[in-house]
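Naming follows writing order (A, B, C and D), and every chain is counted from residue 1.
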Amino acid sequence: MLNIGIIGAGRIGKVHLQSITYHVKGAAVVAMADPFMNEETRSLIEGLGVKKICSDYHEILADPEVDAVLVCSSTDTHASISIEAIEAGKHVFCEKPVDHSLEKIQQVADALEKHPACRFQVGFNRRFDHNFAAVRRAYDAGKIGEAHILKITSRDPEPPNPAYIKVSGGMFLDMTIHDFDMACFLTNSDVEEVYVQSAVLVDPAIGEQGDVDTAIITLKMKNGALAVIDNSRRAAYGYDQRAELFGSKGMVATANDTLSSAVISDANGVTGEKPLFFFLERYMESFSEEMRQFVDACEKGTEVPVGIHAGMQAVRIGLAAKQSVAEHRPVRLA
Amino acid sequence: MLNIGIIGAGRIGKVHLQSITYHVKGAAVVAMADPFMNEETRSLIEGLGVKKICSDYHEILADPEVDAVLVCSSTDTHASISIEAIEAGKHVFCEKPVDHSLEKIQQVADALEKHPACRFQVGFNRRFDHNFAAVRRAYDAGKIGEAHILKITSRDPEPPNPAYIKVSGGMFLDMTIHDFDMACFLTNSDVEEVYVQSAVLVDPAIGEQGDVDTAIITLKMKNGALAVIDNSRRAAYGYDQRAELFGSKGMVATANDTLSSAVISDANGVTGEKPLFFFLERYMESFSEEMRQFVDACEKGTEVPVGIHAGMQAVRIGLAAKQSVAEHRPVRLA
Amino acid sequence: MLNIGIIGAGRIGKVHLQSITYHVKGAAVVAMADPFMNEETRSLIEGLGVKKICSDYHEILADPEVDAVLVCSSTDTHASISIEAIEAGKHVFCEKPVDHSLEKIQQVADALEKHPACRFQVGFNRRFDHNFAAVRRAYDAGKIGEAHILKITSRDPEPPNPAYIKVSGGMFLDMTIHDFDMACFLTNSDVEEVYVQSAVLVDPAIGEQGDVDTAIITLKMKNGALAVIDNSRRAAYGYDQRAELFGSKGMVATANDTLSSAVISDANGVTGEKPLFFFLERYMESFSEEMRQFVDACEKGTEVPVGIHAGMQAVRIGLAAKQSVAEHRPVRLA
Amino acid sequence: MLNIGIIGAGRIGKVHLQSITYHVKGAAVVAMADPFMNEETRSLIEGLGVKKICSDYHEILADPEVDAVLVCSSTDTHASISIEAIEAGKHVFCEKPVDHSLEKIQQVADALEKHPACRFQVGFNRRFDHNFAAVRRAYDAGKIGEAHILKITSRDPEPPNPAYIKVSGGMFLDMTIHDFDMACFLTNSDVEEVYVQSAVLVDPAIGEQGDVDTAIITLKMKNGALAVIDNSRRAAYGYDQRAELFGSKGMVATANDTLSSAVISDANGVTGEKPLFFFLERYMESFSEEMRQFVDACEKGTEVPVGIHAGMQAVRIGLAAKQSVAEHRPVRLA
């Protein structure tokens, strides 16, 4: 049994709590910390049998019963808490992005070098999604041949509120970062060069924050494949999450998930359901699966499926994307 | 060059005229007869280069230049005109049904016995449809294995007007007769037994004519397969024409054709186009293809793809279906 | 918190145990009984925190802590154990079929009359499936208009072993019984008449047991709709579970669920995944949902979603289907 | 009746001959010229009733019976023959591209200025395709709202032979030029900026010719929309031609056309047909439709649907694309 402490009781912290409680064998959440926990949250946590509830996460790090921690706090604290946790001898699952600064991520990597027994996983949950995993599986099985063109469509149902945009690091580090990781995962390769064509088409308020809400991002992968990501902060029909990998032998493509397969034919046309509304509905199973594999790696001491390199790489691409917008040119990754 | 005379200048006669003129190589319509031809029709026919236009079809039968005739007159004259044409030494393409009476169809068969050089084809055009032909091709190729269950969905967009229903012979001889032929074609087998569960759900006026407008028809095929046809005289979303053949190794299924593959995703759902509206749109290409194969059989003296046996068989099943409704029991074919 | 005892630790008993433990809030399995429990099963049950494990179900019925029991024993004991449980003051969830005999089901109904506080639910889990529920929802919302034609396709991936067939009551009471319930559920109506055309096409050994393995079943519903079920004991491509409801305003149809939406296009064609393999994969979520609603009805004293009438009705149709085969005619329900 | 002369009896000249003969009312091909016509071609042309067959196209230009000419010769002669035909008082349909040089296209435009009665149409047939036309129709009808992201996938089944690549002007002027026109057509806007990420992944021999075979092309449209085209010279599954337009209110997307809708489910999966093999199969109907609209514009003196501006624009984008590759940067259109 792996005893887990969760640091941060916001939306994603609660997702992990529920998913560990209900869907992950061999693990239990024994402690949860958040400086700003309200009564509702506290009662939810208690209801799921968590013994220690505290405001200061140091209590969790100091608790010898805790084997692993999930870092679900605000992004600017991910790196420093991760390093503290690593040094306290805990396994660490850190939400994405590890940080907005490559230097800070490097500090985490350095801490890991010194603590080789520590299992450190980054929360790129989409790698564990049934559809995207099937794309990679087809590729690994040789069904696509060599990768030539990867296309990722990633569109949110609604933009975040402007206040959030300010602290988010911008669309590329907040939203596209998942797609950058997907591009690396699905082609099994790192990125060599980035070019972004972007615009503010959804909401001028986003532009006023210095951010964009619509983009087409071209990537040149190290293995020679080309990739393109298209992003929008608002798709009228909901959360649009698709990938298509084309290669020398063929193509594998995924569609959006829906609540049911029911299709209604009537005088207006032939109408199926919209995509599942947002990431909590769409990716719920992937949150359980990433946790199962993290628990497994901790228990067995095997390699985690998404390590610090992936966490660093996605941020590196995101920063290059921002630079491409600023300088209006393709940018090579260092 | 096969010189063709068309007897009957109604809707289907015009379809064949246009399809031969535009889409069939090696054949030309040289004569057309109809006792009730209006000016518009005459001008259409002239415009397509037909040399002889007459009211009495005997002129066509007597014309030594005419190699083959298409019998597109009203159903009650199909058999007698066919026999005259056979005896006049013409090849014959006869619209479906050959007749509502098995005796009269037998008379046509008898005439054919005496004129073995005559190519006689029945107008079951759906056999030449790209989708249904693909089902049969998959079956012939062994991809389905032995046939176990055939499902045919056949629903019209609108019921015919009540006056037509009176002379149509009822839904089973008018509309379902195509599906009966499809059942034989797709399983490559004759029918052994018929059971009908039917109702008047679309329009009470149809019931007042002694007919039904909704039915589920179960067939036991001679090769052991079971088949089911479902019919409605009115599908709100248009013309619904699908088939599904299930067997020991798998299943082949078809979908409806649409004008385009465009699908719109918006706040209301994910909506594709309705099926092509009615048989002229849906089956236009099959009318050309049946004619090409008829012309080919005439020119080469080879076997026609749909002979008098198929024409007889479909009517036999239709009559058994009517008997099943009347006697509320399964009916074995003689 | 509803305390539940499970009687029977076979496949379906374990499904309910896991689904209550992991997916149902407000309920816990506190006791489980089976006369033939092996070590593996016992250890699984213990691992999920069940306090009382016994061989005699009477211990569960006598336990004042147990609020509700799930009857997951062999079919021939469903009715008698249900009656005992009702009389012991427990709520009862009884697996399908309640019995093969209408008399025995009536005895359960009689017991319920005398214990009006008892919540009694029958295990027709497919009513809670996301696809079938969406069909009914569309119908209830008036999108289909009046129901005219219902089509249910229900095909198993593999036939059961011959030994099981002997005790199963035959295909209609074992497999089709779910489809009979679906027909009533999806049209929101009872059945008036049944006609079966059936065959032994999958395995002669099934015929030797006096059973069939392939069938087309036509139903006339009390509300005037026609329905057809097609069954096979073996679909080469897996578990085929679809429904299509056609009415005056349109049609709603469902497709099979798959593990992912990935589609591979290559030189061989455009290939998607096969349906989810069998009922445990396909219907897992519906088992949780039926249990949630049962727990809810017990806690609140509200009506259960699938009561004894539905349990009786499905068996009544199944028996009529057997009679239709035996007497080769349509059979009206009493 | 519009009398048409065709200059050039290669593949596309024959396509137009057959399509006018069989599918276009109110027009006839009366003359055809090609300096290198073989016996087979001559006999095909004669068989379709063309009266004048000659080697020198000047005979056609001098023929007062000829109302319009189709310029289907090699690309380097398009502009000069078009100008001669315009000055000879003929209407002109010119195959794409009008020329590889903007100066020469401008000369054609200048000639048209002086002959305002001349109808001059460029052969961008895909605008008349049922799927792409449906996308534009949805956009024009306001169903997509403002255009934000356009995605075009355009992949050939096989690369052309290396000899052709030499004279083709490279992939962007030969193949992508259709997609450039589509981008303008589907967003109803001109292009402002182009960026290309390209590679040689299909065949090194293409690279040796100084060309590329795989590309992702990002376009910024004048109306603010972003567009992306992905190209490959070889898709193992055939000719891949799709478009997806995303906007403020929703998305419209098309799929590939297939020979039939038949889908086979078996132990290997659920497999539909590959896309129609190549442009002759895929776009045949669009060749007829562009010709119908050209004939109509000539007869009525109305505007042609694809004029010299579109012909110029597509080449302009193609040249910018080549420059983007050469200079590895986004290129603004003059």
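Criterion: a residue touches a chain if its C-beta (ideal position, glycine included) is under 8 Å from a C-beta of that chain, and two chains touch if they have at least 3 such contacts.
Treat the numbers as computed from the prediction; the structure is a model and nothing was measured.
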Practice problem: Could you work out how far subunit B has to rotate to sit on subunit C, using CA atoms and steps of 5 degrees? | Solution: 180
Practice problem: Write down the chain pair with more C-beta contact pairs when A-D is set against C-D. | Solution: A-D
Exercise. Give the label of the chain whose average Cα location is farthest from that of subunit D.
Key: C
Quiz item: Per the centroid of Cα atoms for each chain, what is the distance between subunit A and subunit D, given in Å?
Solution: 42
Quiz item: Quick one: subunit C and subunit D, Cα centre-to-centre, how many Å?
Solution: 58
Quiz prompt | Sequence positions of subunit A contacting 2 or more other chains | solution = 235-237, 240, 249-251, 265-267, 273
Quiz item: Can you list the residues on subunit C that touch subunit B in the complex?
Solution: 145-146, 148-149, 151, 153, 155, 193, 195, 197-199, 201-202, 214-216, 218-220, 224-228, 230, 232, 234-237, 240, 246, 248-251, 328-330
Practice problem: Spell out the residues on subunit D that touch subunit B in their complex, using ranges where they run on. | Solution: 22-23, 130-131, 133-135, 138, 143-144, 249-257, 259-267, 273
Practice problem: Can you check the complex and tell me which residues of subunit B touch subunit A? | Solution: 235-237, 240, 265-274
